[in-house]
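Just below is one structure, and these are the notes that go with it.
To keep things simple, chains are lettered A, B, C and D as they appear, and every chain counts its residues starting from 1.
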Amino acid sequence: AGTGVLPGRLLAQEPISVAGIYTVPVEQQWVSRIHKAAEAAKADGQITYTFSENTANTDYPRVMREYAESGAKLIVGEIFGVEQEAREVVLDYPDTAFLLGSSFMPDPAYPNLAVFDNYIQDASYLSGIIAGAMTESGNIGMVGGFPIPEVNRLMHAFMAGVREMTPEAEFQVSFIGSWFDPPKAKETAFAMIENGADLLYAERFGVSDAAQERDILAIGNVIDTQEEYPDTVVASAIWHFEPTLQAALAKVADGSFEADNYGVYSFMKHGGCSLAPLGTFEGKVPQAALDLVAEKEAAIKSGEFTVEIDDTEPTSS
Amino acid sequence: MTHEDGAQDTVLRLTGITKRFGALTANDDISFGLARGEVVALLGENGAGKTTLMNILFGHYTADAGTVEVFGRALPPGQPGAALAAGVGMVHQHFTLADNLTVLENILLGTRPLWAPGLGRAAARQRVAQLSRDFGLAVHPDARVGALSVGERQRVEILKALYRDARILILDEPTAVLTPQETEALFETLRRAVAQGLSVIFISHKLHEVTAISSRVLVLRHGRLVGEVATARTDRHRLAEMMVGAEISAPAPSVARPGAVLLELDGVETEAQGNATGLRGVNLALRAGQITGLAGVSGNGQGALADLLSGLAAPSAGRMTLGGAEVADWSPRAAVAAGIGRIPEDRHRTGTIADFTLTENAVLESYARQPVSRRGWMDRAEARRRAEAIIAAYDVRCPGPETRIRLLSGGNMQKLILGRVLEAAPSIILANQPVRGLDIGAVTYVQERLIAARDAGAAVLLISEDLDEVLALSDEIRVISEGRLSPAFPRGSRSPAELGQWMAGHGFDDAA
Amino acid sequence: MTEIVEILLSASFWAAVLRIASPLIFATMGELICERAGVLNLGIEGIMVMGAFAGWMAVYAGLGLWPGVLFALLAGMAFGAVHAVLTVPFGLSQHVVGLGITLLATSSTYYAYRLSLPEVTSPPRIEPFQPLEWPLLERIPVVGEALAAQTALTWLAFAVVVVVALVLYRTPLGLALRAAGENPQAVESQGLSVTAIRMGAVIAGSGLMAVGGAFLTMSAFSSFFFEMVNGRGWICIALVVFGAWKPGKALLGALLFAGFDALQIRLQQTGLGQIVPYQVFLMIPYVLSILALVLMSRRAEVPAALMTPFNRGDR
Amino acid sequence: MRLEPIAAPTPARRLGLPALALAATVVLASGLSMLAGADPLATFGQILQGAAGSKFALLETLNRATPLIFTGLAVAVAFRAKLWNIGAEAQLYAGALVTVVIGTQTGLPGPLAIPAMALAAVVAGGLVLLGPVLLKVRLGVDEVVTTLLLNFIMALFISYLLEGPLKDPMGMGWPKSPALPRDARLPRIVEGLRLHWGFVLALICALGVWVMQTRTTLGYEIRATGLNPQAARFAGIPVGRVLVKTALISGGLAALAGFSEVAGLKGNLTADLSPGFGYTGIIVAMLALLHPLGVVVSALFVAGIFVGADSMSRAAEVPSYIADILLAAALLFMVLAILLTRVRVVRG
């Protein structure tokens, strides 16, 4: 917010037109963070914002073109499934800035395409430390949608955090093959609880519900759901898309937008992720864990410590 | 007696019934009445409009003009429920039974309010048993209808009407699929019911039945009521004339000149198919220039023998030789290639493809060969030429070769099948129930053609449940019973009664 | 192997089986009714989505749980009515209409959702059905425990099977329904309206499908998500065939399918889970369903008039 | 009520009713956008603009129609034989899969690779449908269920391959296959726009299927088998073999949709290659009354409505789900309208 007077004044005069294109409904955790950041910027009068959700990858390039044709200055979205085609579109609209979730690195051949991803392993790692302190059985259940990098890297960071407190911890990992099947996620979580898990890593909707029903704990991911599960969700690793968006808007505003990797804006040192406040669990987490969290957080921010990024598919141990 | 008077006596009155289907007038201003305890026969060629009229009376169709009165009260048009409630029962030309239900369930269908809590099976079963006894209609109430023979199904249809206390019963060709014995049993039933006050409208193409059961005959031609006569004052010839508008004489076959054996079965057995009997140790020789008639009560292995000759089934034991060579790789296609012409029993289900045109139906058995096709490409002009030739030569009445055959009457369908089979100049002809359900004109025509084929040197196997037909056409007769064949009986060597004995299973070697 | 036996002996496994089966049971019974009357209802998937939304939304808007179920039922019947009008009196292709209804119900549900909750990013939760209290039942090991873990809706699902079976085989209505799917002429010639019976079946069946969907948001889970029905409706189409159009066998099929599903979830955590890709586990229910179909319902009796429209006065 | 065929429908009826169906769709579109607070009068123009208002829009519509023509033909061929193939989705993925495997693993040069990929796709798709058909012919197992369930199994199988053996090592972990080499891609028809030669191939296939159905003995056999298998068998048509041939053709056509999407559009395989093209193919085929040339028209109709309505949702800023509502409504209106051109509703 305090990034200087100049862009703020410019923006106040002329909101930047932003369009979002998402392949899933905006309820999906990952997309919801982008959507929320954009809605906030819109509420501030900084941007105009319109979006298309649940766009099939087949239709994605067409929608990109339509928004570009209609004069959007910045297009945000995710092109994990259409990397190649999206790049062709980008070349055709050099005056439009594209800020897209992508697995690939920026490429000067596509000067108006900047990439990002939810690199919130820092916060996941810290949430893992808390989980490691809270688990009694040392058995942790993790239910994921699909083993894609965005999911895997957070799981690995979380597991690394857990091991800081409970080196011998065991993990049960399952993927349900769907982004939206809370009943199935819940059943899978139940099975893990029966199998000894006393803490769940809630990557999908439905997992915290199972934890709540069985009176065990859960760790949130990407979004903060403690308000809905006050006695269940201990901590959450939260993604803040705002720094990413703001950085891009600033560049669009001053005309310096270029091929770049905005992934770093999801790092903790840029404020792109954080551990949610303990809230209802204030005072219930062992001090040793909190101390370690504080220590690691400082180290991460200062650059002394980096959480490893591991995109491989995690397995049960 | 006349029926214009006696209002209290008249249970049913149709007045000015007219029904059009597009350009065709199926019923044209038809009026008549039916008295209590009377059996009226409705006669007419295929397509004359008999079924249509009955469908209007029963509420399946709505007439374009005219009224139906039952017991003095007008029936609301288009409501079978109202006709049923008024005491009208109908046995349809094509069965209206649900195969997945039991006899009892079919009878009970629609007899209670839909929202009633139960079916009242126990009481109904008793009632059905009582009716079965009273009218001599033996069926097992808990048998699945799908497993019943046609004769049994016919009885269920009649029971359906009786169960509802029908006082007017419409029978649309009830005997078309019955054996003579079954027909006689049905008539016995009807006479009993009529004596109790039932009134009947009876439709049949078989004139001897009409004369046997009815007291009055109405004749329809091209949708119009063209004649009315008391049965006692007419005879079969006169009736036939009234129907067709010309004199008809049954074909009188000349003396046969049997030739070489073209097909021989030697100790052939086939597998039973579900309820249907297989063949048991059958010996049969079909000779050129001879009609062999197969008599028997339906379900005794006629189907198995027909399937064998059609190529649908192969012998499980024994030898089958064609022109002296034992057959291998037996299939319908092989049968056609071997020169067997096959007239199937069921023209609707096996003989034709309803939604194919006449042209397409005409080449069903020859589409894969030259000249109708070459290397997988069909010659449509050639197919059409063939259809046109058959239509012309066999007097198939139709709007044209590109009409869907569904729209033809059964008789005309049968003529097309006959043409398709005979045009291929088969050396052996399997004619399975070739005239079932046809009007007398069509019957005569088909029979003449079969005789002509025989005279041209074909070996003909005629399968029929109509003993009269078998006796009239066959040069020699074989009786089939429980999958076994009787010895060959030359024409005139056995009386109908003697054949009846064989049909009942007496005289076979292994009969107890 | 011992792991599988252990799983099969645990009450929680059977509790999961019943939970997973419940929505399938409702929807399968719904589809079964339609098909028994002669109408293939491919609208099932969309109607389930809509039922899931309608029931949940009704509760969120302040209605009670049971009124919510009723609301879902009525909403399902409304879409069923559209299906019925198009496929029965008009005799339109049941494939097109069914898939069209699925698309229509799904997309209008999403549209309605987006219009009614534009600002919310995670959908609100409701207080769902809770397991019934059964002080005695709970003490019976395995079976009792598994039953005691169920909500009233699961019990209702089983009750629906009993009711459907009773109606089909013990009442005049059921008789008419079964006949309508086999030979509509038989129904018509006994003075009943084929159209009314078929339409009634499609409407009632669609209502049940919607309740099946509502189970997901009101018992299995507590809020509505897009795409959460996730192909369950298609499974029910398979279950009807698997069950040879008989309620009891279809119930068995639903339980088997749910059993395979509950089993694969648990197998993923056994030693097998280390070596076998997770997709193989997810495949188990489908592969075993095909196998079971091959073994069990060979040449089942299809309602003879299924997918054949009936128009009075046609031959 | 009851339906009575009309002997000779007037041109007014034949054109007016479908037009009415489109008008009803537009009215619905207006109503729905009004609900969302948009200008109800603008919708018609916006849909038209989005579907065909520019070269870009028009070519996008053709592009969206391409896979639908293939799957529509696949369904039309199968349904003619009363082979209820609900599994075009699985066959599509099978085609896409072998396209990628051949294109990336064999190192064939482009001019050889493209036909090889297409051919292999056809074979693969045919084989996928062969299983259910053999089960049907040999054991009487209902193919609706087996083909339907195979869709789920195939989706999981593809997911496994994309996360395992077929994962692009350069893909940074995202589950997708390696991309086809440039020269193994189908060329674009218009430079700079997405429409590719897959569309032309689809048209050729439609023509081919039409010729096959009307001029060849196989077409005759397929229709006979579908209309009355009992009579067909009696006449000597080898019904089982005909069904197998039908399966190979139908599965092959559906697989060409996968081939065309991969080689023409995407360049690689992802698990979300098809947004339900296999299922939409059923709609396309039935809307065309199973006529192969009609399939082209109905695929264009379906694609046009979807592309136009989707674009309208952005222009009017209403939730994008409106596109599917309008597509579904247009379909239902249209099948009803087409019926009513041929029959009239009478009382009784």
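The rule we apply is simple: contacts are C-beta pairs under 8 Å (C-beta built on N, C-alpha and C of every residue); 3 or more make two chains touch, one makes a residue touch a chain.
Here's who's who by UniProt: B = Sugar ABC transporter, ATP-binding protein; C = Putative ABC sugar transporter, inner membrane subunit; D = Sugar ABC transporter, permease protein.
Keep in mind that what you see is a predicted model, and the values were worked out from it rather than measured.
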| item | value |
| --- | --- |
| B-C compared against B-D, more contacting pairs | B-C |
| For subunit B paired with subunit D, centre-to-centre distance based on mean C-alpha positions, whole Å | 46 |
| CA centroid of subunit A to CA centroid of subunit B, Å | 76 |
| Whole-Å separation of chain centres (CA-atom averages), subunit A against subunit C | 35 |
| Two or more partner chains touched - positions in subunit A | 54, 147, 177 |
| Per-residue multi-chain contacts in subunit C, two or more chains | 110, 279, 282, 312-313 |
| Per-residue overlap in subunit B, given as positions that touch at least 2 other chains | 62, 78 |
| Full enumeration of touching chain pairs | A-C, A-D, B-C, B-D, C-D |
| Sites on subunit C touched by subunit A in the complex | 10, 12, 16, 19-20, 23, 110, 119, 121-123, 125, 216, 220-223, 225-228, 230, 261-262, 265-266, 268-269, 273-274, 278-279, 282 |
| Residue ranges of subunit C touching subunit D (in the complex, touch as defined) | 82, 86, 89-93, 95-97, 99-101, 103-104, 106-108, 110-111, 114-115, 195, 231, 234, 237-238, 241-242, 277, 279-280, 282-283, 286-287, 289-290, 293-294, 297-300, 302, 311-313 |
| Interface residues, subunit B side, partner subunit C - complex | 55, 58, 60-62, 78-85, 90, 92, 94, 96-101, 105-106, 108-119, 160 |
| Touch list for subunit C against partner subunit B, complex | 170-173, 175-176, 178-179, 182-183, 185-192, 197, 301, 303-304, 312-313 |
| Residues of subunit A defined as touching subunit D within the complex | 23, 50, 52-59, 61-63, 65-67, 69-70, 80-85, 92, 103-104, 146-149, 152, 177, 311-313 |
